[in-house]
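Submitted below is the structure of interest, expressed as structure tokens.
Here the chain labels run A, B, C, D and E in written order, and each chain numbers its own residues starting at 1.
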Amino acid sequence: MNTFNASLSPPQTAQPLIDARDLHAYYGQSHVLHGVDLHLMPAETLSLMGRNGMGKTTTLKALLGFVTPRQGSVRILGKPTRKCRPWQVVRRGIGYVPEGRGIFPGINVHEHLIMAARPDAEGRSPWTLERVLDTFPRLAQRLQHDGALLSGGEQQMLSIGRALMTNPRIMILDEATEGLAPLIRDEIWRILGEIKASGIASIIVDKNIDNLLTIADRHLVLVKGSVVFDGDSAEISRDTSLLDTHLGMG
Amino acid sequence: MNSALLSTRGLTCRFGGLTAVDRVDFDVRPGQVHAILGPNGAGKSTLINLLSGELRPSEGEIHYRQRPIHGLPAHRVARLGIGRSHQKTNIFPRLSCLENCRLAARIHLGGVIASWRSRATARQVDERAEQALATCQLSHRAATPANAMSYGEQRQLQIAMVLATAPTLMLLDEPLAGMGREETARVTELLGALRGDYTLVLIEHDMDSVFALAERITVMVDGRVLETGTTDTIRGSSKVRDVYLGRHQQEEA
Amino acid sequence: MLHRYPKRVPIMMLTLTAILVLYPLWGAALIGDGSEFFLEKLTLMLILGLFAMSLDLLVGVIGLVSLGHALFFGLAGYTLAMASPSYSAASLWWMMPLVMLVSALSALVIGALVLRTRGIFFIMTTLAFGQMLYYLVSDASFTGGSDGLFIMFKPTLAIGDLTLIDLENPLHFFYFVMGVTLLAYLFLHWLIRSYFGQVLDGIHDNEHRMQALGYATYGYKLAAFVISGVLAGVAGMLAAMQYGFANPAQLGWHLSGEVLMMVILGGMGTLFGPLLGAFAYELLHYAFEHLTVYWQLLMGLTIILIVLVLPKGLAGLILDPPRFRLPGAGMKGLFRSGPAALFKARLGPALPHEHDEGRHYE
Amino acid sequence: MDPVFIAIQLLNGLQYGLLLFLIASGLTLIFGIMGIINLAHGAMYMIGAYLAYDLTLRTGSFWLALLLAVPIAVVLGLVIERLFLGTLYRRDHLYQVLLTFGLILVLNEAQRIIWGNDVQSVAVPPSLSGNITLTDNLQYPVYRLFVGSVCLLMAGGIYWVIRHTRLGIVIRAGAANRDMVEGLGIDVRTLFTLIFSIGVGLAAFAGMLSAPMTSLYPGMGDNVLITCFVIVVIGGIGSIKGAFLGSLLIGQAATFGPVLLPALASVIIYLIMAAVLIIKPRGLFA
Amino acid sequence: QQNREDQATPVRLGLMLPYSGTYAPLGESITNGLKLAIKQNGDQLGGRPVEYVVLDSEADASKAPQNMSRLVKGDKVDVVIGPVHSGVAMGMLKVAKQTGAIMIIPNAGLGAATGQLCMPNVFRTSFSMWQDSYPMGKVAYDRGYRKVVTITWNYAGGKEDIAGFEESFTKAGGEIVKQILVPFPETQFQPYLTDIASIKPDAVYTFFAGAGAVRFVRDYAKLGLKDSVPLLGSGFLTDGNLDAQGEAAEGILTTLHYADGLDSEVDRAFREAYGKTYERKLDTYAVQGYDAGMMLAQALDQTQGNSADRDALISALAGVKLNSPRGPVAFSKAHHPIQNIYLRQVKEGRNQVIDVASRALEDPARGCRL
């Protein structure tokens, strides 16, 4: 899509939800992102792929404002995020599942869920406590359990459930299914499919490339902080050498 | 049973009203890769924590080489040659990768005193640490502080640390989590190569790797052992399919 | 890695040592009339520097923040006061080992108990033990109560009749203290870079993992606690020797707090930082006191400023000298968001993903 | 001692404990829940007491003074948090310690410059200056009972906010991991500024309420500080209930200890703390 | 170096007093009194101008030796005036001993300073704990009190004060039924007062000073003890504290070396001058500072401004006779003031003198070999 089109068409349909250009990010002296371009259209599912340490997480953090890019711009829902703090960015309707899960010690499952609860921009709350607990019955059994003492997989469910409680317009999942048992993993992919169907856009990082290829509309492959591929599943499947060299799929 | 390197009898662990591990009998044969599967919250990690001495069992016994080790503190268990990795990244964030591995290697080569006493031992520690890094392809990161690495790289460093300790028995709690596709393949291969020389207890939700590596599998549900058997029996078990693998995995396999 | 410093650190240390050694050459010329007193002040700063370094082993290296460290400092003073014969001088040959032994034993006993706790709980238990000893000493009569005790004669350092160092002579005493401090620095420097020190680093970072690797961390911590206690004891003995006076205030929490401030101000975990911290703290104190009776105001403001501007204490100033590369928006930001911008501008954005909050006080 | 006096001592201990809780409650909020070690807490307590003194003199009414002083203290807390502490959350906690140590010096000196060195006192407001007769030679001032009940109310209120409101959850979460709370779209920074100011307000409020019961002097907060930390730590950090029970425990210990075990009077609270922590290294109610 | 100093070079006075913390008001009063005396002396001592070197002692004993040393060796003061706090005095005495520096103690009442630690170069213009409390024992007995409870802080000063009272009270035939020691600086007195109420003694004798004294007196009254058990105390209980104590202090009996309503000419003049110069209310501490100043004025006059010859100055100081606001003061061999101790009662917010409890009382200076 080109900018000309974007400016003409009504914002809801053609304006990208996230539009990041030429991101350069650093940790202290080390240059981690080298000009990443990324955009996410409404209701689109985007996967971010790359080996360990290639900059996936950093890209996501740059979008959210946890890392301030030294160069480049991020627009979310059309508005720049330059001077925004992460919470302001997130408030525009992002549900964030960080890698490492970000569970708070000393806070129980129920509290985790209600502290995040928030209706969406239109004031609707399709994701209620009941619905999240229905989705993750395991959490319902552990409602009064301290978050830090949950098993790894339970924490992952909680992290996803918590993000859903914010009734987001965009879901950002870093290592979406890490530590989940196969049955639940399938369940998560199903839910992500459902989310997608309900018009929520998402960016997903995960190691299960096969699932990503099924669910995502478009894929971005990062190598050493640069985007080496941006295309849909068909394209990526055609280009096996790409998968081979950059993702280690033989 | 006598041939078991490690065995538990009636092992139980309760947290308040919750029984996370419930009368588990479990045998690990020397030189084998023994996988533990089970849905989330089944008590797998808790079991490993009991074996490694990080938790004390509420009831039951653990025998290692026919000697009881339940009730020993974690560091004593580790000194017996039982090394482990944790499900949640558990490294030394300010230290460099190399130092992370050195700390691991040193304690298993006699600790501080031995390194002080003999230069050769000290050198051995360095060599072992470097080798472990190299095996995990982290050599280029040797001087990087652990907290300046990506999540996946930190997970790899964890494996390197276990390797650096070179324990007789390795307890690995989801070693592949957080790793990329290629890294997963590589580490799977690596663990496969250890088979025979080392004994591995492996918790992992990545079924491709589990089926590629494991010789025996124990499946846990709600703190209890559902089934134990060879890889093929478990794969074929309908009970396991229902509670853990799901239909999809089954068909693929 | 953690304790490997650029060359300028040893160069600076050597220069400072040289400057101090040569005090007789410049002292009188520069300070004039008060040079004799200034020598005393320098001696005291060295003693406090030694004290601060000993605490740094706990605070900076292992991450155990003690608010009762003056216990060992003061106890050593009392040991000296009570073990000294009334009408003649004691010999340092046995006094020093005695003080070290008493410090070591008390550190062993107290350490064995307080090391069961962590974080803020450790701070508070050390405080509790410090205060208990404080009240014990100031309530009892054999210790001279709240008025303290005099040490009538400075111990001597002699072989037979030959006095090696005349400790009564302020200059000799100064060199003696300097020698001890220097030795302690070199010892600690070696210690924290040794395999033992690496274990302490590991404990600081992640004690749980250390145990899982097989380290009996309690033992290591206890050993470090004892070493730290002994060095604090040596400092306390020197301080008591300097003025021949032991007082309960020397083991109260005020002094513990003050030396902790020196450590933080200087830069934790760097050894030379706390040494500088002790000097800086005392010099500031001295200078401000001279200026006005409202010296606390100046002192407080200076401390606040240093905290805000120097993220790693004084040591950070040397390890990572300011470059003052203010980015374009930096100056504007400075006015917008207060002093925070001052160092943010210099250091770039704070590192993300550092959820180490609560680590010390879990 | 006969039972009547034991009962009176129990009451004394209870009332002292409640007062301690009031002073410690701000500290629990700032330290126990937000995780900030605020050494200047005692100094804030002192400022509160002096504000009550000053404003009572100026307005002629203790109650009016309270009404005016609380907002002043909260604003002071706001300024301190925004200017200084707000920049330190990502750094080692010890820098907060050092900074608040600097603040103690500044606040103490400010007190001396503004109010001078003299010992001062505040009269008990006339409406509460009555006494209840207990024995032939002992009375109980009504004001102390009043303060006791205010403390109880505050304790209940704080407990409710921290445990049972979303705000409480968010503060506790923010102390554990600020970034993640931001990642949920919550403005932690403003929230922390707010809570810190409330904590300062509480410290000052405690100072104001106790002003008619104690004497005011330079550095009066420094002695209170340690006792407060003892309480928070004995109770178990982050636990309002713990701080409350810890206060009551210390209140009773400080009342009965000196009477029953005079030799240990000075060390009793430290002894208790050391014993508690050695047996339960994370406090009684962690 | 015995050469006479130039008359133009100032006499350097080192003031080592607390200017911060709990003891700060005392430091301030003493400084005021001292400066007033010197001002009245024409801003000169023995013909030389005066220069003050002011140092905050922080009432911190651990810093006392170095601070003293700074004044003596660093600032080269001729005389050190200080301290307030007994622990600090100990540290200073040590340095005074080593250096021979002349030191005038304007407050700290520890017995040792003019007892076993007495030395030629140390003077005191104030009091000793014993001196102020000893006369009270007899007063109490004479008033018919037989069973008395004593209460003070558990520190050397408090214990010495109580000991003085006990000595004369038991000698007269009274009995101390309980001795209560409150941890210093605790001011939570309620449990102790309840304890006292249950004992029902004839009277309570107490030593507290500063903020603790204010709180004690107020609590004593508020708990209703004031009406049933008379309160006796060392004069520091009420001195300088009456404003803060208010009503609660009315009627309390104390002994001290100074009082309101002495009404001598010197006292009247002093009070007037002090009132004109300072906003602070006058208290005993100011008198102690004032007398230190007067003492210096007399002695330096006698040596004609020579402060370099220490021995001469010391003997001049030792020979000083003061016509002080508190009455005539001379110095004992131990360099301690021989002075009247007054019995005072709080009336309408004043420490009104009602009697001389002991005239020209000399401290026994136990252990002093001067």
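In the analysis below, contacts are C-beta pairs under 8 Å (C-beta built on N, C-alpha and C of every residue); 3 or more make two chains touch, one makes a residue touch a chain.
If you're wondering where the values come from, they're calculated on a predicted model, not measured in any experiment.
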Problem - Neighbouring chains common to subunit D and subunit E, by label - result: C
Handout entry: Relative to subunit D, chain with the most remote C-alpha centre
Key = B
Exercise for the section: Among all other chains, pick the one whose mean CA position is farthest from the mean CA position of subunit A. Expected result: E
Fill in the blank from the handout: Larger contact count among A-B and A-D belongs to A-B
Problem - Whole-Å separation of chain centres (CA-atom averages), subunit A against subunit D - result: 44
Exercise for the section: Quick one: report the Å distance separating subunit C from subunit D, using the average Cα coordinate of each chain. Expected result: 31
Fill in the blank from the handout: Whole-angstrom distance, CA centroid of subunit A to CA centroid of subunit C, is 49
Fill in the blank from the handout: subunit C and subunit E have mean C-alpha positions lying a whole-number Å distance apart equal to 37
Exercise for the section: Give the residues of subunit B that touch two or more other chains, as numbers and ranges in rising order. Expected result: none
Handout entry: subunit A: positions in contact with at least two other chains
Key = 27, 66, 105
Fill in the blank from the handout: Within subunit E, the set of residues that touch 2 or more other chains is 20, 154, 181, 183-184
Practice task
Could you pull out which subunit A residues touch subunit B in their complex?
Solution key: 27, 30, 50-54, 57, 99-100, 138, 142, 149-154, 156-157, 175, 178-186, 207, 209, 247-250
Exercise for the section: Would you mind writing out the residues of subunit D in touch with subunit A in their complex? Expected result: 166, 169-170, 172-173, 176-177, 179-189, 238
Problem - Parts of subunit C lying in touch with subunit D, wherever the complex brings them together - result: 59, 65, 113-114, 116-118, 120-121, 124-125, 127-129, 131-132, 135-136, 139, 253, 257, 260-261, 264-265, 268, 294, 296-297, 299-304, 307-308, 311, 338-340, 343, 350-355, 357-358, 360-361
Handout entry: List of subunit B residues in touch with subunit C within their complex
Key = 52, 54, 73-76, 78-79, 83-84, 86, 90-96, 99, 102-104, 106-108, 111-112, 115-116, 122, 143, 145, 147, 161, 165
Problem - Residue numbers on subunit E that touch subunit C, as the complex places them - result: 19-20, 54-56, 60-66, 69-70, 72-76, 86-87, 89-91, 94-95, 98, 110, 112, 117, 154-157, 159, 181, 183-184
